[in-house]
Amino acid sequence: MKDVVDHPLERIVFFSDAVFAIAITLLVIEVRVPEVAHGAGDVEFWRALAGLVPNLVGFFVSFGVIGAFWMGHHRAFSHAARHSPRIVGWNLMLLGTIAFMPFLTAFMADYPGARVPASLYWGWMLLTSLLNLRVNTLATSPAMRSAETTGDDIRYVRGRGISTICASLVSLGIAQFEPFLGPLGMGTLPLWRQLFCRPRRAGAPGAPA
Amino acid sequence: MKDVVDHPLERIVFFSDAVFAIAITLLVIEVRVPEVAHGAGDVEFWRALAGLVPNLVGFFVSFGVIGAFWMGHHRAFSHAARHSPRIVGWNLMLLGTIAFMPFLTAFMADYPGARVPASLYWGWMLLTSLLNLRVNTLATSPAMRSAETTGDDIRYVRGRGISTICASLVSLGIAQFEPFLGPLGMGTLPLWRQLFCRPRRAGAPGAPA
Amino acid sequence: MKDVVDHPLERIVFFSDAVFAIAITLLVIEVRVPEVAHGAGDVEFWRALAGLVPNLVGFFVSFGVIGAFWMGHHRAFSHAARHSPRIVGWNLMLLGTIAFMPFLTAFMADYPGARVPASLYWGWMLLTSLLNLRVNTLATSPAMRSAETTGDDIRYVRGRGISTICASLVSLGIAQFEPFLGPLGMGTLPLWRQLFCRPRRAGAPGAPA
Amino acid sequence: MKDVVDHPLERIVFFSDAVFAIAITLLVIEVRVPEVAHGAGDVEFWRALAGLVPNLVGFFVSFGVIGAFWMGHHRAFSHAARHSPRIVGWNLMLLGTIAFMPFLTAFMADYPGARVPASLYWGWMLLTSLLNLRVNTLATSPAMRSAETTGDDIRYVRGRGISTICASLVSLGIAQFEPFLGPLGMGTLPLWRQLFCRPRRAGAPGAPA
């Protein structure tokens, strides 16, 4: 019992994992069974599924996005060794933006090609990435990080956070002109990571305690 | 395995965390995608979203409220070191009130400005805060608290519990006259905490073992 | 990591807790916001809520029932120290019956007073209590129980399991005549526990290793 | 806190358990209460339930399938002792296919006997079993497995993975001719396990470190 109850940090990690897992699994509720006339042939079924494509794309894009935020959270908190009360509120706000994603996914999927839902979706992603950067920076801040955390670890976590912000901005920009193509912005993520996540040369100064 | 299975306290904490996390994430199910004519312009989308404002406010208020109850639970149980069978039933009742909140949130959001749903919502919050005080007081009672728990810790937990009761009462009162403005009552929370959560002067007697 | 990954027992306990927590929280989804004319007065709201009474009763009865099964599971597994592959399938069947309860709760609540839904609900409860007895008996069997488990512990777990079966039978019987009153059968639970959960006299022989 | 936060492997196991548990419990949401005239007799209720049979079969088949994938995951990760970043993405893809199953279950259940939904369901199961084999093979690969893992353990995990692929193929084949009978393919699982999960003779060479 010690392990959980004594360490408020662990309960936060646990609670966050649960919210990420529930939000990612609830996405499927918004993919509804299409209506097909009973006794219809295969062609009609495939046509009905074709009409579901935006919902399916929405499911998988949001699954990947929430999964990526979870992976970043996971990585940042693997460096944390102490609890700081300052992270609780920010983390709860981050979880709130994650928990809200199933709604925005459904909204965008139900009106494919419409600018407002797509802008909301990618704008919300931008807000989520800002909170994500804040939370992950706090988790690797001097108040929380373990003694083994290196300067490269911290730069990597920060670099990932900034990359997600940049990719969200690109998606939001694309969605203004071609709402369908918003997800392409996420494809620029590796470029930003290339730019922001490079470790310093070994032996470079500046590793924190 | 020891850690979990030997310690019924840990399984209660775990189960509670899961129920809090599920209830907080299920809130989004009650925010439904608005109906907009296909091919509609941006203005119609924004208008449809404006009609969703009560649901969005409901989502975020309840997210904050459930999050705050979770934080209080988290804080109180961080002082618990032993299991007491007496807490199981009370904790289950508290979780029942939390699990029921998505319904009351949707009810209030679907009839914005109506007195009955708002009164139910804030009355339920009052019931939840009473159970919350009971559970958190038990978690810091002599039967459960760790040896390191100080008198200030106990007063703080109790003070937070009483503050939430007071804020719920204010919200319930406001909702009788202006159901829209119920959430403002929650804004008085810092005042009550100022009043009830002040630590005693250092060196004051009364710290429990 | 050791603690979880090395011990298949812990993952089963964890997975079970999660299914119990999700099933208990999903019950609220079946309580739907009633339809009230916009601008209606308080009386109409109270009338609409009166129509929801069967759903509210269903929510709280099933919340209590799932909570009670969770508590029994919790208690039985607190005596387990080793994993046995034989428990996995039975435990999964028990979780299946628990996960199905939100449907039966909604069915009974939507047709209050109808015999078939009520019989299904209480018959299902009987099936659940049989699986519950099987799982909890396995968890306290020689293959799984810890060295500290006493004969009284085992008799208590078994006695609780048998009591739940008896109470389900009474509810099922009542529901044949007066479907409304099925929950009353659960009220006989303390009597059965009185009968089946009495510890042997201290010093009596038969405590297992 | 050490136990969780220091070990990214444990958070992956935890997150996976949560997604499995939520997906398995969400299946019930797709079983909807049938419409029966109020005041109808028992016969009409039984008739309405007969119409639900495909949904009930779907619930229990998918419950068993997701449960079996969870058990395989559970077994494979019980041999893992170290984290490998390569597993994260594959595991997330596996969880994505699991989380999507409630939709395919509902689709198949709403159009019983139709070839397209049944083919999608069993084709998806095939995809899931391929990812399952990949993830479980990685979990028992030299990069992740504990020193105590034997060659038989590894062959067993791999054999189970291959068996599930074979059974999915049989179900997919059957569904092309008689969509109703797809679940029978799963009945061949014990045969494949007989074939692929046999341990080598004791003392045979090839046990990995």
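Letters A, B, C and D name the chains as they come in the text, with residue numbers starting at 1 for each one.
Here is the rule we go by: contacts are C-beta pairs under 8 Å (C-beta built on N, C-alpha and C of every residue); 3 or more make two chains touch, one makes a residue touch a chain.
No experiment lies behind these values; they were computed from the predicted model shown.
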Co-neighbours of subunit C and subunit A - touch as defined: B, D
Angular offset of subunit A relative to subunit D [C-alpha, multiple of 5 degrees]: 90
Proportion of interface numbers common to subunit A and subunit B (over half same, under half different): different
For subunit C paired with subunit D, centre-to-centre distance based on mean C-alpha positions, whole Å: 26
Rounded Å distance, subunit B centre to subunit D centre (Cα mean): 36
Contacts with 2+ other chains: residues of subunit A: 3, 6, 14, 18, 22, 26, 29
Subunit D-touching residues of subunit C, taken from the complex the two chains share: 1-6, 8, 11-12, 14-15, 18-19, 22-23, 26, 29-30, 88, 92, 95-96, 99-100, 102-103, 106-107, 110-111, 114-117, 120
Complex contacts: residues of subunit C adjacent to subunit B: 3, 6-7, 9-10, 13-14, 17-18, 20-22, 24-29, 31, 33-34, 36, 38, 40, 42, 45-46, 49, 59-60, 63-64, 67, 70-71, 74-75, 77-78, 80-81
